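Please find the structures below.
One chain, chain A, appears in both complexes that follow, with chain B as partner in the first and chain C in the second.
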Partner chain A sequence: MPLPKLLRLLGGATVTAILGFILLPALVVTLAAFNSRAILSFPPESWSWRWFVKAIAYDDFQAGVRNGLIVTAWASSIALVVGAAFAFALDRYEFRLKRTLETILLSPLVVPHFTIGLGFLILAAQLGFARGYSVIVACHVVLVLPFVLRSVYISLRNLDPRLELAAASLGASPGRVLITVTLPLLLPGLVSGWLFAAILSFNEFTASLFVTVQRTQTLPVALYNYVREYADPSMAAISVMYIVATATVLTLANAFLGLAKVLNVEHAR
Partner chain B sequence: MPAEPRFSAPARVADGTNGSAHAAVALTGVTKQFGKITALDAVSLFVRHGELMTLLGPSGCGKTTLLHLVAGFLIPESGEIAIDGQRITDVPAYRREIGIMFQNYALFPHMSVAGNVGYGLRMRRIARPEIDRRIADALALVKLAGLEERRPRQLSGGQQQRVALARALVIRPKVLLLDEPFSALDRNLRASMQVELKEIQRKLGVTTIFVTHDQSEALSLSDRIAVIADGRIRQLNTPHEVYRHPSDRFVASFIGDANVLRAHLERIEGAVASVALGAARVTVPMRTLEGSAVGSAVDLFVRPEDLRVAETDAAAAAHGTIAAQIYQGGHIDLYVDAPEVSSGRVLLRVPSHEAASLRPAGTRIAIALAADVAIAFRSA
Partner chain C sequence: MARASVRSGRAAVRPFLRLFVAPAVLCALGFAAALAAVMQYSLRAYVPGSLEAGGFTLANFAALIRPLYARVFLDTVWICFLTASFTLIVGYPLAYALVHARNVALKSAILVIAVTPLFLGEVVRTYSWIVVLGNNGFLNSMLLKLGLVDAPMQFMFTEFGVITALVHVTLPVMVIMLAAALSHIDRDYERAAASLGAGPIRVFLTVTLPLSTPGIIAGVTTAFAWTFSAFATPQLIGGGRVNMVANLVYQLGFASFNFPFAASLSVAGLILTFAVLALMRAAASPLERIRQH
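And now, the complex of A and B:
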């Protein structure tokens, strides 16, 4: 066999292996979810929907989804507004300590989540805050802010400033330039930032473990508490539903906004 | 080309009109700085009603800064700007009633052609039926009727430019500003768009300020040209005057092609002087030679079309060897090595119907001056 052909085959095999490695965990969990036996095992010997039924009916999971959605909606929306405002400031203005501000805003990327969670836990205790939704939301805002900030900032960088100048020359006041030109053109960046934030917030476990209580626990925390006591395939069933839900959201986003745009794959001129 | 000497700001050449009160656009002593860099240095410029004024200069000369000051995108550090006699120095862009067309057209990608053209009218809260009527008129003017619902990205470069022009004109601006509008178009389209723009501009009589670094574009389109370098206006005059009577060395070399030939000053007769180049004599104004003594070396600027191949040696300005002949259709560019008058190659532009008399590369020829008037500068 000639060497180039061998190399090509090896390359193909490597890529296939990597792709398989990426997809394998999801595949294993999906198959395990349909296992009719009451232990998490792979491969399943007989098939059943019953773990889905059980997972959906389980009170802690229901509460977890509800709590998670409440926290996610608030946290990603607040992060969007705050992150977009900071992105504007960083993109449009020159000021002292600009680099420092950027570093602080992006620092949750390098500070471990348990540190942030622990920090909020101590703060809440010191200030006498009940560990309600507000503390979890505040914690999640801090965690997802860097992602919103980056997303909006990149969109702003790609926005041709001449579009805004042209609008101004045509008689649009700064407020109307913002509403009629800037925001519509930033929409993909804003939506992608919000979506990223929402997915991250809904998934967040480490910090949430510190700041939630039984009443406010989000889905990942509820799953953790469940798996400490039971090891049946309802966990896997939840995972499958989670994957399907996320895929549906992304598909809808793609249909209405174009995923390429939302994920900033397609760069504005 | 030797290094460019600095000239003091020639405020008088910029004041080509009869005062600022009658000017459509008047800039008086305008200075704009970016940090430590002075982009414009006490520039005064008066644009007449209905004229097409070109700001011409190399990149970084301050011409775009000047345009942005008129548009209101920038505020000057000092000096005053007025449109139609009204001081607007610190009036924001959206209250200035100006139309601007950018190099990349800056069409709103999320709006249709009609949406783009009607934008300025919507901002003025004009009634819907009138908006529709004026959009239709504007699109007819730029020959785009029927494309109202297209998106900008569905249009060709030339069509996008027409939309941008319609969008700027539909608000009936007091001044139309054009920022290098043709540089993104290919050569053929550029020529036809230039003609069309000039026709529309003349038909509407809209005062226009046009920024370009392309000297041939400036020569063909402008009523007057302001040549800008280093944040100052070097010369302000009609294309013919700027081409034929450049005020300084920079203008002479920036506008059109010019040969710089080593000659010497032979005689001074009041405001003019006679310059000797080989056996040829040419009359030049003394204005650009102040301080030069009779017998001193001068740099004679001669346009390529003012040189020809001499039939006899009797009137030869120089001798040289043909290095290359380049056929350009209507004319032929002849590059000649003539070390006695120029360290670089001398360019002769001869009509191509004289091609029969031309000789191949390597032949020695005598060069004669086809004009008896030129311009010279002190040797640098």
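And now, the complex of A and C:
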């Protein structure tokens, strides 16, 4: 067999195995969710929907979804406005402390989340405001901002500056150029940045564990508390719903926004 | 008149600058204040039975060198190192396939499958691995059915189990960073090497791999930092037998309410993270320089 063909076969097998490794937990948890018995067994002896019914009806999960949506809506929208404006300034202008500011705002990518959570917890306690939604939102804004920045910045880089110059040379004011030319062209980057921010905020766990209390706990925190106390497959059922929802959103995002371009894993040309 | 036009001319060069940077400055200040709060607490005395911290002291940092805590730090760094290495080994072929796949549907499938776990959250992914690795979980059921083992193997509460789940957690970001680097390599270099008679393995080892170093560095450092930050995975799969810094911080904060000591552990973790990141970048910079030529 010629070497290139052999290599391609080997490569194909390796990639298939890796994709299998990624998919394995999702597939197994799906099997477990439809198992009618409370104790794990593979393959399940009988099938049922009852764990899904139980998971949806569980009070803590419902409250978690509600709290999560409140926090996510605020955090992702604030991060979108702050991040998009700053990405624009980063791309177009030179100003004092530009690199410092950029480094600080990107550093939550590498600073341990328990440090960030602990920091906001102590800060909130010192400033004396009760642990309400505002601390969680502030914490999440900082955590998801790097993703918005990256997404909008990449779109700005791929934007053709001649379109803005054309509008300006025809007499449009900077504000008008921004609103009628730049923003519409940036829309895919803005939407994907907001989407990433929203998904990540909704899923943020470690930092949330520090800054939430029983009354404000978000879904991941509620799930964590459930796993620690109970072992029934309700958790598997809710995991399946999570996986299906996330995969659907990402497949749609890929179809409409071009995930490869947004993540910068593909050449623009 | 002339002065007004000068002023407006100056403003026109950088319209909206202040308006656009101010919110970012506010966020940066908030984040800096939170980190400063941790640092300030790390230097305060612990008052048992109280949430208030006492006067300034270095006792917290002195306690860090006790074998019990030093051990957790060493274990954490070791687990992070192994996880980052395995993630690189598993992630590279996938990133390569993602960039080089010619079939659009296959490309999209690889991308969505590789990226989805990033957005699932640590708890759901960790729980899924418990279902796979548990004593009556999927893996053991299969092994028993196939007659490969007589009794369930112990995957839970082991370093193996924790690292397997952590590799799964860090894989998406590694693939994204490697694929970003691989996709920006000019294919003409590879074609040139091939046309000069280099075989596919040689082309990969002498052209593609060296040119992808920025992606490797970015991926490995991020994987390291993310693993250091992991909490749910070592907590639930490690079950107290595999302890990482994150678990110790949480335990000290919420079980013993010793926030000053939790803060000093966080600060030590932060310093360690940045030291390791700086070390990796320094080790890699000669490679970076090669790339420039």
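Here, the second predicted complex is superposed on the first by the 233 of 269 C-alpha atoms of A that agree within 3 Å, B and C clash if a C-alpha of one lies under 4 Å from a C-alpha of the other, contacts with A are read in each partner's own complex, and residues count from 1 in each chain.
Everything below uses one rule, namely that a contact is a pair of C-beta atoms (placed from the backbone, for glycine too) under 8 Å apart; a residue touches a chain by one contact, two chains touch by 3 or more.
Nothing here was measured: the structure is a model prediction, and the numbers come from that model.
Partners chain B and chain C fit side by side in the overlay (superposition on chain A). Between chain B and chain C, more residues of chain A are touched by C.
Using C-alpha centres, the superposed arrangement gives chain A a vertex angle toward chain B and chain C of 90 degrees, stated as a multiple of 10.
Shared-chain residue A:Leu9: touches no atom of chain B or chain C. In the superposition on chain A, A:Ile179 contacts neither chain B nor chain C. When the two structures are aligned on the shared chain, A:Ala166 is found in touch with chain B, with no touch to chain C.
The minimum CA-CA separation between chain B and chain C in the overlaid arrangement is 6 Å, rounded to the whole angstrom.
Counting contacts as defined above, chain A residues 174 meet chain B in one complex and chain C in the other. Across the complex, chain C meets chain A through its residues 12, 14-17, 19-21, 23-28, 30-38, 41, 51, 90, 93-99, 107-108, 110-117, 119-132, 134, 136-138, 141-142, 168, 171, 176, 179-180, 183-184, 199-201, 221-222, 225, 228-232, 236, 245-246, 249-250, 253, 259, 262-263, 266-267, 269-270, 273-274, 277.
Touching chain B in their complex are the following residues of chain A: 160, 162-163, 165-174, 176-177, 180-181, 184-185, 268-269. Residue ranges of chain A in contact with chain C, taken from their complex: 3-4, 7, 11, 14-15, 18-19, 21-26, 28-29, 31-32, 39-42, 81-83, 85-86, 88-89, 92-93, 95, 101, 104-105, 107-116, 118-123, 125-126, 138-139, 141-142, 145, 174-175, 178, 199-200, 202-206, 209-210, 220, 223-224, 227-228, 235-236, 238-239, 242-243, 246-247, 249-251, 254, 259-260, 263-267.
Taken in their complex, chain B has these residues touching chain A: 71-73, 92-100, 102, 104, 106, 108-110, 119-120, 123-124, 167-168, 171, 177.
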